[in-house]
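Got some structures for you, see below.
Across the two complexes that follow, chain A remains constant while its partner is chain B and subsequently chain C.
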Partner chain A sequence: MKGRENPAEDALILLRSRICNPNFVFTPFSDSPDSNYSKLKFIISSSVTEACNNSILLLGPRGSGKTAVLELVIRDLLAEHADMISVIRLNGILHSDDNCAVKEIARQLCVEHQLLFSKMASFDDNSQFMIAMLRECGLAHKTIIFVLDEFDFFTQGKQRLLYSLLDAMQSVMSQAVVIGVSCRLDADQLLEKRVRSRFSHRKVLFLPPSKEDLQRLLEHILSLPVDTSPPNDYAVEFNMKLHQILADERFKEIINTLLNSDSTVKHLLRFLFYAVCHMDLESGFLSLDNFRTAMSSIQRQPKMEYLQDCSILELYILVCMKRLEVKEQNSYNFNSVMKAEYKGIHDAYQTSDYYARNVCLRAFEHLVQRELICFMDNRGNNQSIEFRAVKLLISSHELYQGLKSYRSCPAILRKLVDQ
Partner chain B sequence: MGKEESPQITRRTTRSSSSTPILKNGEETTKTSEPHPLTINDLVFGGEPIKLDELLSSFPGRRIQILELMRLLGPLNSPMLPLLLYGGTSTGKTSIILQIFRHLNRPFVYSSCLTCYSPRILFESIMNQLLLHRKNADSGYASAKRCERPSDFVVFLREALTNVLNTLKGNSGKSSSRKLAGQANGRMIYLIFDNLELVREWDKSSSILPFLFELYDILNMPEVGLIFISKVSPDAYYSDRGYVEPIPILFPDYTEDGLRQIFMRNQANPKLYSSFLDVVLRTFSRITRRVDELSTAFSPLFKKYCEPLSDPGLVPNEDTKRKLFSHLQPHLAPALNEIFKVQSQPSPEVEAKQEKARRKSNANKLGGREAFDEIDFHMSTSAKYLIISAFLASRNPATLDASLFDSTGGSDNRKRKRKSSEKSMEQKETAEQELLMKGPGTFPLERLLAIFQCLTSVVESSLGEDQQINEGLGAGNGDSGLMSDVLLQLSSLCNANFISKGGSCPLEGSTRYRATISEDLTLKVARSLKFPLSKYLYRG
Partner chain C sequence: MDHFFMLEMCSIWKEVDGTYWFRGRWYIIPEETAAGRQSHNLRRELYRTNDFADIEMESVIRLCYVMSPKEFTKANNEGDDIFLCEYEYDIHWHSFKRLAEIDNGEEGNEEADNDVDWDYGKDSGSDTEEDMEYEEENVNNLPSGPSPAHAVAANSWKGRIFGLNKIGTKKIPGHVRCHKQTELERAKATLLLATLPKSLPCRTKEMEEITAFIKGAICNDQCLGRCLYIHGVPGTGKTMSVLSVMRNLRSEVDAGSIKPYCFVDINGLKLASPENIYRVIYEALSGHRVGWKKALHLLNERFADESKIAKEEIRPCILLIDELDLLVTRNQSVLYNILDWPTKPHSKLIVIGIANTMDLPEKLLPRISSRMGIQRLCFGPYNYQQLQEIISSRLKGIDAFERQAIEFASRKVAAISGDARRALEICRRAAELADYHIKKLASPPDSSSEGKALVGMAEVEAAIQEMFQAPQIQVMKSSSKLSKIFLVAMVHELYQTGMAETTFEKLSVTVSCLCTSNGEKFPGWDTLLRVGCKLGECRIILCEAGAKHRLQKLQLNFPSDDVAFALKDDKELPWLAKYL
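And now, the complex of A and B:
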């Protein structure tokens, strides 16, 4: 067994590291001439070689590979023109504050050019330093590439950073390329007038992969390398089994369902990661079942799961609230639920589940914790929990389904929801 | 009866206590008062390593989750996408992941958003652990690096992670064949963020929460694994900016079988406890299925169940079971209604005093500690009257005050004894409904003091001598000269959340108060003073 486990385990580790490595994943997209990779590379390399300024926006849903492809392009350009390019990376989540952003630019410039960076420098100092560096690099025919991730965060507030950057590019003798990456497709509409006039309206859209691209991607990620010096029988057999699965109609159906909800590459990668993790190490091969398990783990219904976790008293409270909603009472609180419905059900059906008020209040609090119900006001005006207006966060259909699949659900509850 | 051990409450060892005495290279354990400086091996769980079977058997009902987590964590040195463990309270999320890391002996950094309640504390706690920094008195308990903003955190984190990973690589290169006990496995390090749902309440949550979810992509280091633990499901984190979802793993509540297995662990007399569970488990799990609440409810009941038994080690047969059941049964229904109440454990002196007091006053019908009708904390008489006045002020409309609190101090019912027509019955119903919905009303301070004075002046005149007999009660309420005392009482009642103080509005004048005390408690207070509360209460 030990001899057999090792190649399977090695294969597993290899596949996992591939999936977690965006550089590897997006390499096959760099071949064709009309891919985003080629477009991007062309734009940037032409502005490097022609010594001019440029600005681009990369747009596309989250997880479609914008930053990954950009990093591939930059890596290749750095390999080609090593000392003609320097890269400054900013992220909108971290550096949306202008002071922070300019400080980070200055810090990265200092690191790049082996200068001493002082943490005490003010905003003016840093921005003057940035403009001076732009001028110097322009004179030395060196292009600075500014990568602004989460570009829409930079458009909040006064857009001082964007303006000073783009303005410096126009006025000073500089060579800079500003690349904005955003998942908002209208990111350029967020720019102020004066900023937008200095921004070229080049956009590169990242669309979901086509069917052929998808097939290539799956093969690229999941096939084991076979060109090792002692020929690896295990890898050959693995790839053969993999091809059988990929060609299977059922597998194609699974992939279609997966991409119907979210067609980005990242989503597919999560799915593949889950499937690969469940690879059977005893046999050492992927099977269709792995992909099926992965599919069911992605298709979760959290509210239904939480309904299954509720106790019977909590279900009673939910059904009472649903009945109040059906009676079109706009706002109700714990007191009205108790008095109007709960007592009513007990009187009508003589259930054994009639508990004291403090017990019901605690069950009510559990429901709030599970986020099956919530309060309609924020922070309650100092009201205690029994008086605050509440509403249900699940639909009647979900409640009905939940009760149907609940083990040992009292028949009364099902009947009440049916009405 | 064995000590009930709930498996969810594993002791999370602190860093200093988890370091094993078996240091590498056979160093002697230093017996100085100073704890030894932290090394990279302190980033593991420490203690005795456990095998997979032990792990699986110590968490009954969680086999699926543990195996899934093991698969997702993968073999040694395999990169991982971020995970999100979610499930209700006390379903074992934190303890299972920590025990899994104990089994795997891999280094990790644990931080909880409950104890680290602001971004700065969270960041600094992680940095302290990564930089192997222990807060001590010399540096004034300062953290290793001051870190407030996410941008600084990312820079420091990268540095610290690179250092740690280099050390780990060096360690694993040196002794690859035989790992010494206590040494960390592998070249990866894992960051665990617990109680993630609390981040939504933070001030900067709109930037911190997306930052934590994007942290994996921002760092872009495959040797780092991120694990999030949350009580709410992943769909509570959806935002309109979108985020890259971690891989979710559900920890559902325990089924009845799982609960039974948990409660049967570490029982001195399993057969006896099993027959006890047959009686109580099904009925109590109709109310709640949380392990912590059920265990607090079961322990006094089990004591009661075992009362008629002379030998606690006895294995019960059918007859004994029936006898024990009939002994327990009358206590079941009230226990159900008190299921969430955690009985306080009084010290023997307090119990003796209670016995004495009970012998003196013969009003106590219910024996034992289950005195449902009495308040079990002490309040001075003036505080009690203040509470009653506040309750009345909140529940009654202000226009009734004059008639209720006239010079005789009693309510005058004669005016209201009219035959109620149908319309006024409807009005009464809607008014009651409104009362249910609206909640207690607000009142200004002057009204409260007026009612208080009225009540106490009446009581003072009628009680007279009797007050001196009841020792142990607070100072007498007294004359109108003690107004400052009353104001002090009012502020302490506000602190105790019996009365809440609204903000002051310049249009409305002085601040308004609201009585948030529940009606049950007010009735108990009134009963302890023998005050006829219902006469004063406006019921529509």
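And now, the complex of A and C:
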């Protein structure tokens, strides 16, 4: 940690880069034999050492660390067996078309083994090339790892790529591992029966970390290194203050609230990033307030904030639409809102907020852009806005709450919503 | 071993001046490679190279034998000149590759197939002059070698034949040759699907039928074309049986008891489009690459055209079409052509089609089903005794599994699908788990069989759980607090209204009620929407896009009983049980 001028700045940079580095974040999970890291590494390395083929699915909600742990395993294996592993990476969103996928596999194989690649080769050529490469690499004791991200997209269509790949692994003496990564828990049900039969059904499930793991993770990410050669007093003090915060009941409560809505590691990392960015550089240490600020950032409710930003006219329009819905009118448009409600309100209450039609239309369009209301049909682009059917996208409770906390809400609106 | 040179004779000819010459392929000793002699090299080990030379027959000293590792261990009486060769060495790229013929004993390559190679060696004691002469000659006579001077893309058709010489390992990894496999590792290796078993148990009757069918077709002088339709669920050994029959027949051809034939193996699911099959068939029969329309025309000439007189020299052609149902097009013309050709006189075409459905011929046009549906062979799902026999025969001689474990796995698989692949994978995974326990956890799986690591029923049960149990119960149990409340609210809605589908608006009201009644803080509508979308991503529930906000429709993707089972004993939120 250089820079005696401002160790706090260095610390900030270090912490931010750590949080953004998945390899760093998931390293503490790699030592226990029960962890997904160990299980995954064992399966893949047995393909290298015992020349067997395997197909694995990594399943778990988004942000639970599937790709991060996989990359860690691959990185460690490449360090151990440098020349004997090549990695081919495909993504289901980019390469879901079979032709495109096989071409990409051929291209990456050529790049990995320094062969010449031709763009003009056909689907048959490329798949035969892939099978030939599998055989040749098997004879040369080289393992090929196929990483298929967004695996569920590869199961669309006839699943030709998956069939060719899994069938080649089954009939040719090759050393290949196919790793599918998907957030859909039913990814293996999407396989067609022939492909399913050839799939070796290894699954690694990624679940949210336990409380102990969480604690370890927080310490691992946020503690500054203290074993530098001139002993770093700043780091020692930083860590001490950090431990105090971590042990504080109020902090535990914040973390609990955070994990109540989303218990994945990515969510936690986002929270930590916010907190670290709010660190006060003057004092140079993290405080509980940083975490509280981060928490309130994460807990923002965008629709409520949009309501607070609305003009009075826009609120009027929303209330009118609400009243129409309460009156069981399921289909209404701008015209009916204006005619039935808006005019009616002003006739009844003689308010000062009566605006011309084109002004109201502008406010209406604004509400559509803000996604507080939406059009019901997709094809009505020929019709003008005034005639298209609309609906509210916020519930009555949200509207009620929005009006209650609005800074200068006309009383008339509140009364109308109460009715 | 002093300096001497060894060659494998590939071809012999007589020059115009009457001397005999031959083309030979050099073998080298480990010291001559770029990697040098490794610690795992045996004393009598050689590497085959892709370096050729033309040499006069008179420089040959004597015969010696080069064998594969298995034969080498068995050899005893052939004298002093026996050597071992397991790898080939590429002199341009300095890399090694295992010889392909070792694994596929019958898979011949372009050179001579004989096991005993006629090698001629030279002793260092003989004329050094002649050595020099021949070295010079070799330099002049060296062919351009397998890699052509012009660059050819590796993934194109031509490039594949030459371009993959580069693939090889710079050093043969030590663990491959030195590591003695444990029983468990041997078990895992034999249970691999890619390993060909020595024999195919439980399918002898079917294989006899196929053999009879083929022999009946090709042994006739007339060779009437025929079709055979094989069907069965995946994993019942259909393709494997046919290929095994073909292997047996090929050895009969080699022995001379049957006339030679062509065999073309096509997979419908690997073709880019059904019409491509014509191109693939023609390429396999003639070696030429043409477009599919031309290929169709040429194949019509070969199979259907009656005017050609040179039909007697054409060999019978056996066509195996896997995944036949992929060839069904709208007007079914591809299938019609393929199944029509055998019916023409002198076509000498035999078609074997494999598919999964029993009634595929019935679903096709009548003119096709009449051709295809005559002879059918059904491969039924295996019962548990057959599965047990399949697994045990693979594991013969390897003592790694408890007998009950194999029986347990067989019964489980037989009850569901009867798929042999599934049974083999379960056993292999069980062996992997046992191996993992030993290597990582440093404790044998079964403490009763101390020291000896046998795979028992516990490992098989764990393997089945891991591979085939749906993960949603576990995921639901470990999901966030709000997710659990969300799911319980959906179940509650289902019970209240009787309708599976609900909207986000109604659901948020229910969640709000649940929270207020049980002292939980309501999280806010946007947070709740995110929770719902996250559950939808995993497909625990089915939901529309989150952009629809309160109008978003939601539905449980699993029976409410699953949710109840997962969440009723939750420790974090014991009050959930009230609503389930």
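Please note the rule applied: the second predicted complex is superposed on the first by the 413 of 419 C-alpha atoms of A that agree within 3 Å, B and C clash if a C-alpha of one lies under 4 Å from a C-alpha of the other, contacts with A are read in each partner's own complex, and residues count from 1 in each chain.
Operating definition for what follows: a residue touches a chain if its C-beta (ideal position, glycine included) is under 8 Å from a C-beta of that chain, and two chains touch if they have at least 3 such contacts.
Keep in mind that what you see is a predicted model, and the values were worked out from it rather than measured.
Student: Quick one: is A:L214 in contact with chain B, with chain C, with both, or with neither? Answer first, second, both or neither.
Tutor: Neither partner.
Student: By residue count, is chain A touched more by chain B or by chain C?
Tutor: C
Student: Based on the superposed arrangement, let me know which partner A:R370 touches: chain B (first), chain C (second), both, or neither?
Tutor: first
Student: Examine A:S261 and indicate which partner it touches, taking first as chain B and second as chain C; both and neither are also allowed.
Tutor: Only chain C; A:S261 stays clear of chain B.
Student: Pick one for A:L12: touches chain B only (first), chain C only (second), both, or neither.
Tutor: first
Student: A:I245 in the overlay: touching chain B, chain C, both, or neither? Say first, second, both or neither.
Tutor: Neither: A:I245 stays clear of chain B and chain C.
Student: On the A-aligned overlay, A:S336 touches which partner chain: chain B = first, chain C = second, or both, or neither?
Tutor: first
Student: State whether A:M295 touches chain B only (first), chain C only (second), both chains, or neither.
Tutor: neither
Student: Mind working out whether A:P61 is in touch with chain B, chain C, both or neither, as first, second, both or neither?
Tutor: Both: A:P61 reaches chain B and chain C.
Student: Just chain B (first), just chain C (second), both, or neither: which does A:Q308 touch?
Tutor: first
Student: In the superposed arrangement, what residues of chain A touch both chain B and chain C?
Tutor: The answer is residues 61-62, 183, 300, 302-303, 371 of chain A.
Student: Can you list the residues on chain A that touch chain B in the complex?
Tutor: Going through chain A, the ones touching chain B are 9, 12-13, 16-17, 19-22, 61-63, 67, 91, 93-96, 100, 104, 183, 266, 269-270, 273-274, 277-278, 297, 300, 302-303, 305-306, 308-309, 311-313, 331-333, 335-336, 339, 353, 355-356, 358-359, 362-363, 366, 369-371, 382-384, 386-387, 389.
Student: Which chain B residues qualify as touching chain A in the complex?
Tutor: 71-72, 74-75, 77-81, 86, 88-89, 149-151, 154, 207, 210-211, 214, 217-218, 220, 222, 231-236, 241-245, 247-248, 250, 252-253, 285-290, 336-341, 433, 436-440, 500, 502, 514, 516, 518
Student: What part of chain C is in contact with chain A in the complex they form?
Tutor: 95-100, 103-104, 151-157, 159-160, 163-164, 166-170, 172-173, 175-176, 179, 181, 185, 188-189, 192-194, 233-235, 267, 269-272, 276, 280, 323, 326, 356, 419, 421-422, 425, 428-429, 432, 435-436, 439-441, 466-468, 470-472, 474-475, 478-482, 505, 508-509, 512, 521, 523-527, 530-531, 534, 537-540, 547-551, 557
Student: Can you name the residues of chain A that touch chain C in the complex?
Tutor: Contact set of chain A toward chain C: 33, 38-39, 42-43, 46, 49-53, 59-62, 83-84, 99, 106, 109-110, 113-118, 120-129, 132-133, 135-137, 139-142, 158, 160, 163-164, 167, 169-174, 183-186, 193-194, 196-198, 200-203, 205, 207-208, 257, 259-263, 299-304, 371, 374, 391-395, 397-398.
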